[in-house]
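Letters A, B and C mark the chains as written, and numbering starts fresh at 1 in each.
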Amino acid sequence: MSSNLAAPPATPANGFDPGPLRNAARWHRAEYAFWVLPVLAYFVFAENLSLLSQIAIAALFCLSLDLILGYAGIVSLGHAAFFGVGAYTAGLLAKHGWGDPLLGLGAAAAIAAATGFITSFLVLRGSDLTRLMVTLGVAVMFYEAANKLTAFTGGVDGLQGVEVKPIFGVFGFDLYGKTAYWYSLIVLFIMFCLARRLVHSPFGLSLRGIRQNLTRMPAIGAPVNGRLVAAYTIGAAYAGVAGALLTQTTQFVSLDVLSFSRSAELLLILVLGGTGRLYGALIGTMVFMTAHHFLSGINPQYWQFWLGAALVLVVLFARDGIMGMLQRLHAAGRKAP
Amino acid sequence: MSTVLETRNLSKRFGGFFASSNVSLDIKQGARHALIGPNGAGKTTLINLLTGFLEPTSGEVFLKGDNVTRLSQHQRVKRGLVRTFQINRLFAEMTVLESVTLSVCERMGLGWKWWRPVGAHTAAIDEAAELLSTLRLLDVAHAPTRSLAYGRQRMIEIALALAAKPEVLLLDEPAAGVPTDESRGLFETIARLPREVTILLIEHDMDLVFRFAERISVLVGGALLTEDVPEVIARDPRVREVYLGTSLDD
Amino acid sequence: MTVIFDGIASGLLLFLISVGLSVTLGLMNFVNLAHGSFAMFGGYICVILLNRHGVPFLAALPVVTLASALAGVVLERTLYRRLYGASHLDQVLFSIGLVFMSISVAHYFFGAQQQPLQLPPMLSGQFNLPGLDIGVYRLFLIVVGLLIAIALQWMIARTRFGAQLRAAVDNPRAARGLGIDVDRVFVLTFALGSALAGLGGALGVEMLGLDPEFPVKYIVYFLIVVAVGGSGNIKGSLYASLIIGICDVAGKYYVPQIGAFVIYAVMVATLIFRPQGLFGRGAAK
């Protein structure tokens, strides 16, 4: 992935080693190990493939929010808007005969990106609160629109008759969800690698700069608005792809792809996992979805209660989420003999 | 020598209050120019107007002969007009090297590059490291900015500006909050900057101002009171009156 | 005409519930998305009192108000105050957590179904004027809503507490310097806001319904009131509530296919073009 970086850094004459920054983008051993997990999961949890696909899709969705919140620092309570746009785009295409999955993904990404681009101008200015309310407002407008345009979307009954063709015309979606899982996982992995490149690039560094000190960035010559628009658009495209994956793997679009609770839950997953780290989004989703699956199986109300309680506790005591705790454990482990 | 930065009748009104009124400045290439005046004289407002942080109510700003009044902050930076802030505006979670590299990358126009990692842009990193070395910050290059003492953070504030390779550098009280013994070193660093860099300085410490500046403008109540070489300013009774109670000679 | 009348009634109801949210946001700079949970709390207390204990509706209302105020004080002291300095994002997450907990608690005790509420005979029914059907309960809502709005306005403008509140909203630090016990003002305001939300929730059972999803279902409406009215602005909240109430009822009546769309658009537009609200003090940009 980053072989061009593997060469030992040239050490300047004064003995200074820029290595830590030069090699910051190299893959860590733990990362390779991490990506073995979903492959193992395929064999270990072979009866739960649909859950695993859901996790992969939700992880991609969460990743998209991390790009705009964790890196660019734009808070959003309406990210489901883009997920929903992607889901309906893929669904409508497949319903009307263009059932090729990759075409669906591409179209969903493009339309969600366009939507993100247009709405990004609404979130450029304003406090966190304004942004929260604007994004929420935009998302409820989309929800309301999809709800009322029953002729296109099926309204509350959802979009029926989505027929997805085999991938490359070869790999059909099977009853066990094998294709669906590999498809979702591979798309997630590719999108993750792209995102990983992006956040380690100068562009990604400038996004971090914007989040850490918005007012300094123009003073070092960075066009802040342009960067924010770009980040928001990319985040929207990612969300759109996630939405399209959900449509294609379930062959159905339900109205709640656009719901407020989907946006709120997403924000919560990301914060539980830890923002601005990419893996926080992935691990947060894995933990959340797994817990959801097992606990809500016992009783949906208990689940919601403990979820709420967890959120309150995280905000009060562990603001940097699971990844933050892991990193602190790791640091403590190093210090200990 | 040619004029590099000029303002014509620059005014800024907040409600009924003029924070700047009719300021016309003319700063020559390579100048070591100081802007002094009592608290609330509108010094920082003027810097904000020069850099585009604020929009003037009326008047114009010229940079190297071009009217930049309508340009945004980052466009002015691209044309060589760079500032520091009175209160540090740093990237607290980044390491020192990362934040200076960020500034270098923006100057090199790499800010939109998203494929190759920062680490692969070796020219940017090397330049950042070199800058840190001249500012004697190399030993903390990999430390997070927030972990440093205030005096060193103040140096990073300047490093971020220098990384943008300014032609005109506006320093807004660079020594504010820095212990006296460290502020000397800080000013030595500023004094060592090459002559190609024109410097406009706001500073409260008159000792430092008179040692450093070759021309001084005095701002009172948003308006320019006078401008001259330090010797003349020091003798000017009007300036003494403004600074009533503070001696300019010590 | 009837539409406007019903709109005013639902607008005043909205005002009762949202004014507390607006004031906590304006005063404490706290985004309390769980505000609807207090309204729901009031609604359930009211239902319990009426249906299980046979308390008359009008007698139940003061009890509901007090209980909600008490709940507000307890939560403010134990949890909310810890987050006054936190970022808005943290506050949002925290209050969403509370919303989830309140939903599941409501589920646990009352189930998912809508709660029935039997209004006393003197408040039900309607009388007809030419061109105008007046529901007695709607009329009652309007009277109560207006009385409370006037009382609030009087309290803010004339009483000592009101003066302290205004000072604290304008500049908490200066208010502290003047010897105002800002902490106490915070608690009392929070209690007041919760009390009104609870009362609104109780009064609203008949119009808005009551089920565990209540806090999520209506949160957007409460936020719209704050956005359009301007945070911390009581008169603004009143006007905004009335406009939204009327538009909402009229919209659903005349152009059901557009539904709530217009209101959301108004909210977004307001946030972009007049962030201080339609009725805010002239923006000091």
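We take it that a contact is a pair of C-beta atoms (placed from the backbone, for glycine too) under 8 Å apart; a residue touches a chain by one contact, two chains touch by 3 or more.
Keep in mind the model is a prediction, meaning the values are calculated, not measured.
Leaving out chain A only, the groups of chains that stay linked by touch are B | C. Chain centres defined as mean CA positions place A nearest to the mean of all protein CA atoms.
The chain with its C-alpha centre at the largest distance from the centre of chain C is B.
Note: centroid distance chain B to chain C, computed from Cα atoms, is 50 Å.
With centres defined as mean CA coordinates, chain B is found 41 Å away from chain A. Inter-chain centre distance (chain A to chain C, centres taken as mean C-alpha positions): 34 Å. Chain contact summary for the complex, chain B toward chain A: residues 51-53, 72-74, 77-78, 82-83, 85, 89-95, 97-99, 101-103, 105-107, 110-122, 124-126, 129, 133, 138, 141-142, 160-161, 163-164. For chain A in complex with chain C, the touching residues are 75, 77, 122, 126-130, 132-134, 136-138, 140-141, 144-145, 147-148, 260-261, 264, 267-268, 271, 301-305, 307-312, 314-316, 319. Those residues of chain C that touch chain A in the complex are listed here as 25, 31, 79, 82-83, 86-90, 92-94, 96-105, 107-108, 216, 219-220, 223-224, 227, 257-261, 264-265, 267-268, 271-272, 275.
Partner chain B is touched in their complex by these residues of chain A: 2, 4-5, 10, 12, 14, 16, 18, 20-25, 197-198, 200-206, 208-209, 212-213, 215-224, 227, 230.
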